[in-house]
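First chain A sits with chain B, and in the next complex the same chain sits with chain C.
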Partner chain A sequence: MAGKAQYFIQGIGMISPQKTFDNQMFLEEITTYDQNVLTAVVPDFKAYINPIQLRRLSRMLRVGLASATICLRDAGIEHPDGIITATGYGFLDETEKFLREMLEMKEKQLTPTHFMQGTYNALAGLEAVMIKCMGYNNTYVSKGFAFENALQDAMMRLDEHQAAHYLVGSYDEAAPVQFIASIREHHFKAEPIVNLNLFDTTTKGTIQGEGAAFFDLTGTRHENTWCELLDVAMVYRPETKDHLAASLADFLKANNISLEEVDVWLNGITGDAVRDVILKELEHSDLKAIPQARYKHLCGDYCTVTSFALWLGASVLKKQSIPEVVKASAFETPKEIKTVLSVSHYMNRNYAFMLMQRA
Partner chain B sequence: MNQTIEELTQELRQELIKQLNLEDMIPADFDENTPLFGEGLGLDSIDSLELVVLLDRNYGIKLKDPKEGRQVFHSIRTMAEYIQKNRAQV
Partner chain C sequence: MSQRVFITGFGIITSIGKNTAENLASLLHRRCGFGELNVLDTIHSKTLPACEIKLFNQELCELAGVPNGKGYTRTSLLGLIALKEAIQSASLSPAEVRDAGLLSGTTTGGIREFERHFYELMDPLQKGDFAQFADTANPGEHGERMADAVGIKKYIATLSTACSSSANSIMQGAQLIKHGKLDRAICGGTEALSRFTLNGFNSLMIVDPNHCRPFDNTRKGLNLGEGAAFLVLESERAVIEKRKTPLAELRGYGNANDAFHQTASSPEGTGAYNAMNLAMAMANLAPGQIDYINAHGTATENNDLSEGFGIQKLFGSDVPLFSSTKPYTGHTLAAAGSIEAVYCLLGLQHRVVWPNINFHEQMPELSVSPVRELKQEVDLKNVLSNSFGFGGNTSSILIGLA
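Let's turn to the complex of A and B:
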């Protein structure tokens, strides 16, 4: 838990395998996939990035920079006080090109672009250059906890300076090389499925996703605030459901929230019959009575996928609606949605809680 | 390799578009005398590094003096002339 300060989300830019880049829409057009790889639905990049800069940027850098621009425009901020990004695997596609070139050229005559764009902090650096942000700039690469680490960093910095604005972002791409490697360790399903049927499957593995998200996090409430982010917590490899449930109880208690006060919870299950066991047990016991929404059938699974959950929770709170496509079962949307809880896992290893409240 | 200046400039135009990701451009879009930097194609310092690598990789020419690059990379024409001259010396 960070300090006693408050944290508000003032702007969002989310590019995901669904059409989420348009903040006026809320999952009204759903894209379906049938090959276990969900790739970003992208806007016209020229609307967000200078065409001269655009030509050299890799696909994922374009996605990242565009989502940062969407966020800043949404927040009405030109110069944030700092930029904090998170990624599990970085720009794998560019890294692969660079490594392949090293092999082909026998480590000689390497072009600089693939190297520059293959580094983990390329997005945070380029965004800083693009908007001339000379402030704090950091990138977390802690796999399934990277996004939570970035959020906590921003929250701790806001504890010291409430009026500041931090551009907190995440990105991970659905790279083919990772897909092939992940099939071997059964992270992704071997048999093709339709993404919307993800939660009906009974096999091991999930589907690959990708996305870039940026949030303008600040310590003061503004007119167009999306929601208040109450807290973020992480649990590494809980041994049992009871272990996870106890951690969740501690988390809620620390924020003076009871389970009864949670209007909807975002379930981060992945459709993996083996790795979902602990979260499913929690779903059928402690969280059974709370309306539930799911999202990984829409965006797939990747290290920083909890940024999609944060976008979903913030959208539910701001728009006061829950799209049918995310409802785990039929339930009537509460008249007022005040509190949203996110409980997720990555590879049954990195469990995270996020608590959001209507601002 | 006996390439004429015209053949070389045409080849360089194609290579530049490919190597520097000059999207939405075709070889006919720029003249062999169009300045590559500044008000011409608007290339930048990273592009100049890419051009150094291109000279080495495609034509076996190592640009040893960075000051020389200013003249060599002025336009497609100056690049082609430099390549032809230095290839002949090998």
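Let's turn to the complex of A and C:
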């Protein structure tokens, strides 16, 4: 086995509640939402999926397959070496349809379509069929760690074969079932807010989002490269801010990066007055002096939302600009943006760090 | 440098036994778990028998050591029982457990509880005990709950690649050890029967109402089952440091995709061939050095034909002993890979090859047939275990004597 390789993002396909599917744009048009549910702004699927297949697919499978195609075209790659996907709740709309049918029909005369399309690895499987990828195929469903698990998986495989390309993706949908079932836990805010005001709220809960994202991760630099992904780390249920800060310090040290070198950090707070406490403490102490960007007001909160952070960081590095809409407060964009750090949490349980650098 | 990966313990619960000793006894005495359902409440309890664990959740709570059991789904309880046995069998200290990784496979998480309380959960105004299951439609929920129950902090991953899930969690645990990210990984999967799954497979028309017959010409489909198994993987460094005698070595693994159809395997068994081939290449073993294959062998028309062709293509005229243990346990979906890995380990330890129960009539398409009777005193050194799933997933792991 070779040593630790470098990891480069050569292509991206991002479909989110903002118009991110067009890689030429960078948050120039902003969509606002006022019911605490943010849904994907989608492209014309016919440009990405053949019409016969399109008719048979659920909405989220369309979104997922389209984002994979956008990514491959962006990367200029037709045959990646493997496909790794991540999701929190999977195709919950499809699962709900089969479940309701089963309950209403009292377990009789059921058709398998929703059952099949509700499988967590349906996207990774269909994408493999679509591009005839017979290589590695895996799917992670570990709540707020799923996307990080998938990235780490690809990174270890790149350590072994630097020239390989892995299509690493995530998807989660703003399913009504999840929204309703989590009202008791106050995952989402009880009072309707305008998404752009998310960080001004002082109540419990966040807003529900969704998205599908694919990244072409490879071990070699290319003219299309968006950025280098230095490293990813996870921290499970840190008890205090100090615990989280110590983990972050270890993470940076392992990558020979000092906090002073970070040009901008992506703050994954969710607007939840209770669950944001540890990350906010970190924001006001250790990370206080570093220019800060936020994003969950644009895409909402979902298990694999760090894929949006990776897209944002990669875009900032490639385009060398930071849109005003993500700046936490007014600051002058540095002349050269070299290093981006992402610190996020899901439900105050799954904390994750990502470090990206200009390629 | 790359670390070798050893297996130092395991735990298991299935319809043929609630721990390793009971599973071993059942395997030796051809006792199968197939029968009518009386724990799961379904209209198919008599018409679609399955391999059910005849213990209600309250009894499972006792076995799992969580007498109160609040919030524990059947999936979590089965997983926790196997996980605790695995930790004990590998004699891991609390500090070692904390710094271990937990990789668990699941197909549907806690859907059994979610389907049962669906209407109540969909009415936020209703209050009651059911609210403890509010998040059980999330497949990762069980992984975190088990990690919390035993105190694992360092690394958590839940995998879901349908019926190959736990084979992939074993593989990924080994990767993390090889790359120095972990010294120990506890890997496996857990699966509880649910109406959702039973009706889903039934709607695909691949459930046999009679006892399944893998690799038999009259096979008509699979029987579902439930269970869980976890393996403790440790790095070479950890084993040496603790002066442990490993039970076996995880020598190789392969994951490929058939890229053929969403819920069917390619007729040629390309994915199966590739997965086994990759595992053998990693272990640097030639076909002649494989002594036994625990086949995926679900007894669906499609799987057994495809897998059979894959095996014949890889091994040619020298196909090793092979059998499917699905008639014992049913198809335990996400848990099948780790349950069958445990059966391979028991085979290696006791020098036996498990019989492929219910094989009577040769498939005309194949020139090979599975082992029918228990074979004892077999010289086993290296064995393969296959797990395939929806989405074209094909995985194979190779376990050898340490």
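Please note the rule applied: the second predicted complex is superposed on the first by the 356 of 359 C-alpha atoms of A that agree within 3 Å, B and C clash if a C-alpha of one lies under 4 Å from a C-alpha of the other, contacts with A are read in each partner's own complex, and residues count from 1 in each chain.
Definition applied: a residue touches a chain if its C-beta (ideal position, glycine included) is under 8 Å from a C-beta of that chain, and two chains touch if they have at least 3 such contacts.
Please read all numbers here as calculations on a predicted model, not as lab measurements.
K.L.:
Per the contact definition in the header, classify A:110: touching chain B only (first), chain C only (second), both, or neither.
P.N.:
After superposition on chain A, A:110 lies in contact with both partners, chain B and chain C.
K.L.:
Between chain B (first) and chain C (second), which does A:55 come into contact with in this model arrangement: first, second, both, or neither?
P.N.:
Only chain B is touched by A:55; chain C is not.
K.L.:
May I ask you to decide whether A:88 touches chain B, chain C, both, or neither, giving the answer as first, second, both or neither?
P.N.:
second
K.L.:
Looking at A:143, would you say it contacts chain B, chain C, both, or neither? Reply first, second, both or neither.
P.N.:
second
K.L.:
Any idea whether chain B or chain C touches more of chain A?
P.N.:
Touched residues of chain A are more numerous for C.
K.L.:
I'd like to check the shared interface: which positions of chain A are touched by both chain B and chain C across the two complexes?
P.N.:
110-112, 116
K.L.:
Please output the residues of chain B touching chain A within their complex, sorted ascending.
P.N.:
Touch list, chain B to chain A: 19-23, 42, 46, 49-50, 53, 56-57.
K.L.:
Help me check something: in the complex, which residues belonging to chain A touch chain B?
P.N.:
So the residues of chain A touching chain B come out as 52, 54-56, 105, 109-113, 116.
K.L.:
Residues of chain A touching chain C in their complex?
P.N.:
So the residues of chain A touching chain C come out as 1, 83, 88-90, 92, 95, 98-100, 102-103, 106-108, 110-112, 115-116, 119-122, 124-126, 128-129, 132-143, 145-146, 149, 152-153, 156-157, 159, 177-178, 180-185, 234, 236-237, 303, 349.
K.L.:
Taking the touch rule as given, give the residues of chain C at its contact with chain A in the complex, in rising order.
P.N.:
Of all residues in chain C, those touching chain A are 1-2, 42-44, 106-107, 109, 111, 114-115, 118-119, 121-122, 124, 131, 134-135, 137-141, 143-144, 147, 153-162, 168, 172, 175-176, 178-179, 181, 195-196, 199-200, 202-204, 255-263, 270-271, 274, 389-393.
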